[in-house]
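Here is the structure we will look at, set down as structure tokens.
In this document, chain identifiers A, B, C, D, E and F correspond to the written order of the chains, with residue numbering beginning at 1 in each.
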Amino acid sequence: MRIRIINANTSTAMTDKMGVAALNVARPGTEIIAVNPASGPLTIESHFDETVAAVGVCEEIRAGEAAGTNAYVIACFGDPGLYAARELTLAPVIGIAEAAFHVASLIATRFSVVTTLGRTGIMAERLLHEYGMGIRCRKVRAAEIPVLALEHEADTAYRLIEAECIRARDEDNIGAIVLGCGGMADLAARLTARIGLPVVEGVAAAVALAESLVTLKLQTSKFGDLAAPPAKPFTGEFARYSC
Amino acid sequence: MRIRIINANTSTAMTDKMGVAALNVARPGTEIIAVNPASGPLTIESHFDETVAAVGVCEEIRAGEAAGTNAYVIACFGDPGLYAARELTLAPVIGIAEAAFHVASLIATRFSVVTTLGRTGIMAERLLHEYGMGIRCRKVRAAEIPVLALEHEADTAYRLIEAECIRARDEDNIGAIVLGCGGMADLAARLTARIGLPVVEGVAAAVALAESLVTLKLQTSKFGDLAAPPAKPFTGEFARYSC
Amino acid sequence: MRIRIINANTSTAMTDKMGVAALNVARPGTEIIAVNPASGPLTIESHFDETVAAVGVCEEIRAGEAAGTNAYVIACFGDPGLYAARELTLAPVIGIAEAAFHVASLIATRFSVVTTLGRTGIMAERLLHEYGMGIRCRKVRAAEIPVLALEHEADTAYRLIEAECIRARDEDNIGAIVLGCGGMADLAARLTARIGLPVVEGVAAAVALAESLVTLKLQTSKFGDLAAPPAKPFTGEFARYSC
Amino acid sequence: MRIRIINANTSTAMTDKMGVAALNVARPGTEIIAVNPASGPLTIESHFDETVAAVGVCEEIRAGEAAGTNAYVIACFGDPGLYAARELTLAPVIGIAEAAFHVASLIATRFSVVTTLGRTGIMAERLLHEYGMGIRCRKVRAAEIPVLALEHEADTAYRLIEAECIRARDEDNIGAIVLGCGGMADLAARLTARIGLPVVEGVAAAVALAESLVTLKLQTSKFGDLAAPPAKPFTGEFARYSC
Amino acid sequence: MRIRIINANTSTAMTDKMGVAALNVARPGTEIIAVNPASGPLTIESHFDETVAAVGVCEEIRAGEAAGTNAYVIACFGDPGLYAARELTLAPVIGIAEAAFHVASLIATRFSVVTTLGRTGIMAERLLHEYGMGIRCRKVRAAEIPVLALEHEADTAYRLIEAECIRARDEDNIGAIVLGCGGMADLAARLTARIGLPVVEGVAAAVALAESLVTLKLQTSKFGDLAAPPAKPFTGEFARYSC
Amino acid sequence: MRIRIINANTSTAMTDKMGVAALNVARPGTEIIAVNPASGPLTIESHFDETVAAVGVCEEIRAGEAAGTNAYVIACFGDPGLYAARELTLAPVIGIAEAAFHVASLIATRFSVVTTLGRTGIMAERLLHEYGMGIRCRKVRAAEIPVLALEHEADTAYRLIEAECIRARDEDNIGAIVLGCGGMADLAARLTARIGLPVVEGVAAAVALAESLVTLKLQTSKFGDLAAPPAKPFTGEFARYSC
């Protein structure tokens, strides 16, 4: 099967990293196509970044439909454009935040989230509330590092994340940690080894769930709010969406 | 003060209608600027429509900032781009769904929502849950009319909405009805007269709340997730957002 | 329009202070009538105080109805008698706690409340739960000062409140602070300047919302539990309510 | 032990009925003192009635303290003045609504409430939400009879209540019914026999819980919001509360 | 009446202690039969222990039915087998955790739980959520002592529990403490004296509630999920349950 | 990898059916071992059945550990013994109810559950609440057929289930249906074809999730309440659990 990993930002280094993380867990027969939108923010650290990135995510769904795709992963911890993406395809679409929450809840009764910035932590809290996962999450913690530091100051970033994970382990009475940024896709194994607790990373989790849905022959429901969008005119730079 | 009413779709007829609804309730000294994005969907009936429209909303915030604006109203019942818009300005930004929910909860203990389509009804439920207003809302009802019917088949649309409002009044044990679509901005008075219950319409409610915040000298908080987005490069058609 | 600010306690100094706070934000054409019941507790710091004060609030609604009133504000952070007051009039009735919560949620994703006493903090938590605003509030904090200290030891009281606001700002990951006592109506501007965060004060917020509802021609619903109370005999000192 | 049953309205016929219901379940050594305030509404069917009645409840607590009382029951389904009453005494105070909810949840997983009027049904919903019992209650149903009909048109009232109980049994997938009015205190046995489901009546339930707390030597906590109200001046007709 | 106290573990010393605690609060005419299963874990400190113990609880219900029993108490803070036990009898069945939560909520607005181990604290959180009591509980605290230490190192255990109770009193803004282990049945009076706050112990609370239900003639509902289990074959060591 | 499907009841016909359902979705390299306890109820239709079955589930985990197992599925819709099972192994353990809920929430915003009996429907509601999935589920519906009818009156049972699924599709405004009984493992494909909506069946879903966790190298956390049970003596027929 072919899974399209959509890094929602335009950092190709991060796209590559996510592709590797996906390949590390993909089944033998799974083809991983890691992409990112041509247009959009270099990193996603705000609602505005997410809003713009969501359009890019939809573009990549459309490209994926044209290319033949069995499942999609939206590889940004805010799950930007998740419901819109689901409307655009019959194939399953998995966000890495929801994937990480679901998977963590299968191996631990309580988890904490460690993310980059306090402001994105609030965004993660909103997702937890929306998905009904708030009762599973003890605390959303921020290492207070910008996303790009994960690329350019990897050692410093790792140390800060590790320190926050240790605090989570020691203070939160939890069973697992969820990494709250797609850019941490390469850190889960190292952190698990260091921290002792299971550390759940969303890209890998989402790939596994996507494969599962394909195997189960379960497609995105076209009843209710996930049905294909009603055809209509779009204007201006979005005129290409008219139908 | 100057309030920018951002119709999130690109139907200028609807923009005009919303402008009238806003003017009807605006204070003497308030200047109403009703606009819509140059680019985007003609109506908003899906998550995808909302996702694209949210970018247009942000564009209109940027234009409003350049033009000098004291407060913004996002005039689409899904409140698309609400948090992103708030990041882009110190001025208050009010969504018409949240405005209608807040205002309805001040005059009635329970309300029902009457919207256009079943699928947008599910989107309204998500907002109710997110805003903590679920306990106030008995039922989200859909008249099952496309948004454009509000323009092109106004009589038929009105009759279907009225019928659904009557069912809400008679079956839901409620004190008020919230109209769940910006395109119904001209129907509140007529429905209130016909139904007997207070019928809350979001555009008018949002204008009043926006004026209130300006008078209270309360601006969008720049602490937490609504602070200005971190500057960063954007690529492609969104390169204009780089800074 | 004429708005009656009902200070629910019998401290005329506080009534005057609230009147000033209301006038500071009222529109040009708004007449502010600040009153307090003739009978009742000097301050409100307990459920018992609230219970007695609620009768006084209803008295003032009745007086307001006789005098002609367009909207009412119940100026005590426990919103005592809110639903009863709404039954007694078609005019909008706004409690300052609900007003502050609604307004704070329009400019910040998360807020904390700073109130006088730990015991009234628990009462504020109950309101947050009842209004569905619990998800917005990080923490209810008490400066542990009696309400009268706001009048008689104003400097000490201010310093304790300011200190608690600073702790809220620095520890709670919030965007705004809600002042949890009507007696703090004169502190919002000074605290906002000092703290940096938006500080929301309920009397001002309620006046603005009350004006909004009048402008919107929205009256308290007479369907459901807010309809006029069924006429019936009352005995003893409350025989005046018989009808 | 001596238990004071405070009928919160001023209908002495109802007070007598409640006294009988209490005696029917009281232990041999328990003395039942059924009282009602000298001042207040004849029945309680609105928030306003409750607000006035709450003062009468507090009066009866004060009288009970003077007379020596081991526990109190507030015998009105809205639990008016519950927290204020608890502040005024070390003795346990039990509301009949909370008593009925707690007891019903011990013998059935789900229950429905059958009350008099739709408007008081909304008030019962608020209590369910406040007490955390919403997940236990399927539906709040109203027989749409005024409270006095329970006295003056007892047969008609019984038939309407029975019919509503039967609908609850047949449609709600419940294990028990809670009677939502103190004036139904004499109907539980007859309804249980007729309906088959356990029918929980609050006066009896509250007496049993009150006896339990006395036996357990558990008194109302004086830590937190239930501590004695701070002493202070009261004015006007409430000057008697000054201290 | 005859109440069967079912200590869910097989420590007869604990059974005896619980019997004493029950007798201390039982009414004159109440016969207390304190038992424990013949088969099962010596203490209950894990989900597995609870799972095995639940079968023993059911055995003791069956034995109690044969012997004639008016009410049952499941004396383990996880309430193991509670719903199954209710299916097996018409008599009321009360778990000590639910009993303690209900009773504590009648004398205080907020409480904290002090239990033995962090892991059983998570189990208590689940019960609080299930019973709708989460809004009443500030914090679940663990003294981090194994259950057997309550027997074999009673002094050390007491000191650790007392210290945790003091922290709860001083830090949690609560009105009462719930002891989160049946093995603490002998500590409530001493702790209440020492701590000042009401300390609620579940065995005593459950006995009082059980007596109440019997007096109220309320039996476990046989409508819904608590009806007698459908007869069916059981195999192997459970073949004795076939019918 | 080797996955042990634990049918929690002792019907070998159902075990075989579940084994087939598991094999139908398992990956090429996955070995499916479908087992059921030697001791326990023939079907699971009550809390008591679940309580007894949970011990059998634990037995099968122990047997699985001895035999070498990579992941477990508890194949009964009540997820009996789920947390206890997780304590007994490092391998992932998935319940079919939680699996179905998680998977359904990835392809649809709202779902309904169709189960066998009204009484087990209440048990499903409790799981939905516990797992935080209540906001996703519109309605739990019962076809009112005993579990064994799925074996012995397959045609009748199918027709009743199909009819209930059609009602769910037509009345509930949902995107997917969850089958609420492990004994329906062979019906999902047929129902999906007939109903049009995605129909999610838990055994298949759980197998896919179990494979995912193994691939992700995520094991049941041994921090918190899922750590191995403390060693201790067991007595009587459970003495074999002593350690």
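Here is the rule we use: a contact is a pair of C-beta atoms (placed from the backbone, for glycine too) under 8 Å apart; a residue touches a chain by one contact, two chains touch by 3 or more.
Quick caveat: nothing in here was measured; it's all calculated off a predicted structure.
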item	value
Chains in simultaneous contact with chain A and chain E	C, F
Farthest chain relative to chain C (centres taken as mean CA coordinates)	F
Separation of chain E from chain F, taking each centre as the mean of its C-alpha atoms, in whole Å	29
For chain B paired with chain E, centre-to-centre distance based on mean C-alpha positions, whole Å	52
Touching two or more other chains - residue numbers and ranges from chain E	83, 109-110, 118, 122, 126, 129, 135, 173, 224-226
Arrangement of touching chains [line / ring / star / complete / other]	other
Touching pairs among all chains present in the structure	A-B, A-C, A-E, A-F, B-C, B-D, B-F, C-D, C-E, D-E, D-F, E-F
Partner chain A, residues of chain F touching it in the complex	25, 27, 83, 92, 94, 98, 102-103, 105-110, 131-136, 169, 173-176, 196-198, 200, 204-205, 208-209, 211-213, 215-216, 218-221, 223-226
Residue ranges of chain A in contact with chain B within the complex	10, 37-43, 45-52, 54-56, 58, 81, 83-84, 86-88, 118-120, 122-123, 126, 129-130, 146, 148, 224-227, 229-230, 232-239, 241
Complex contacts: residues of chain A adjacent to chain C	118, 121-122, 126, 129
Interfacial residue positions of chain F with respect to chain B in the complex	109-110, 135, 173
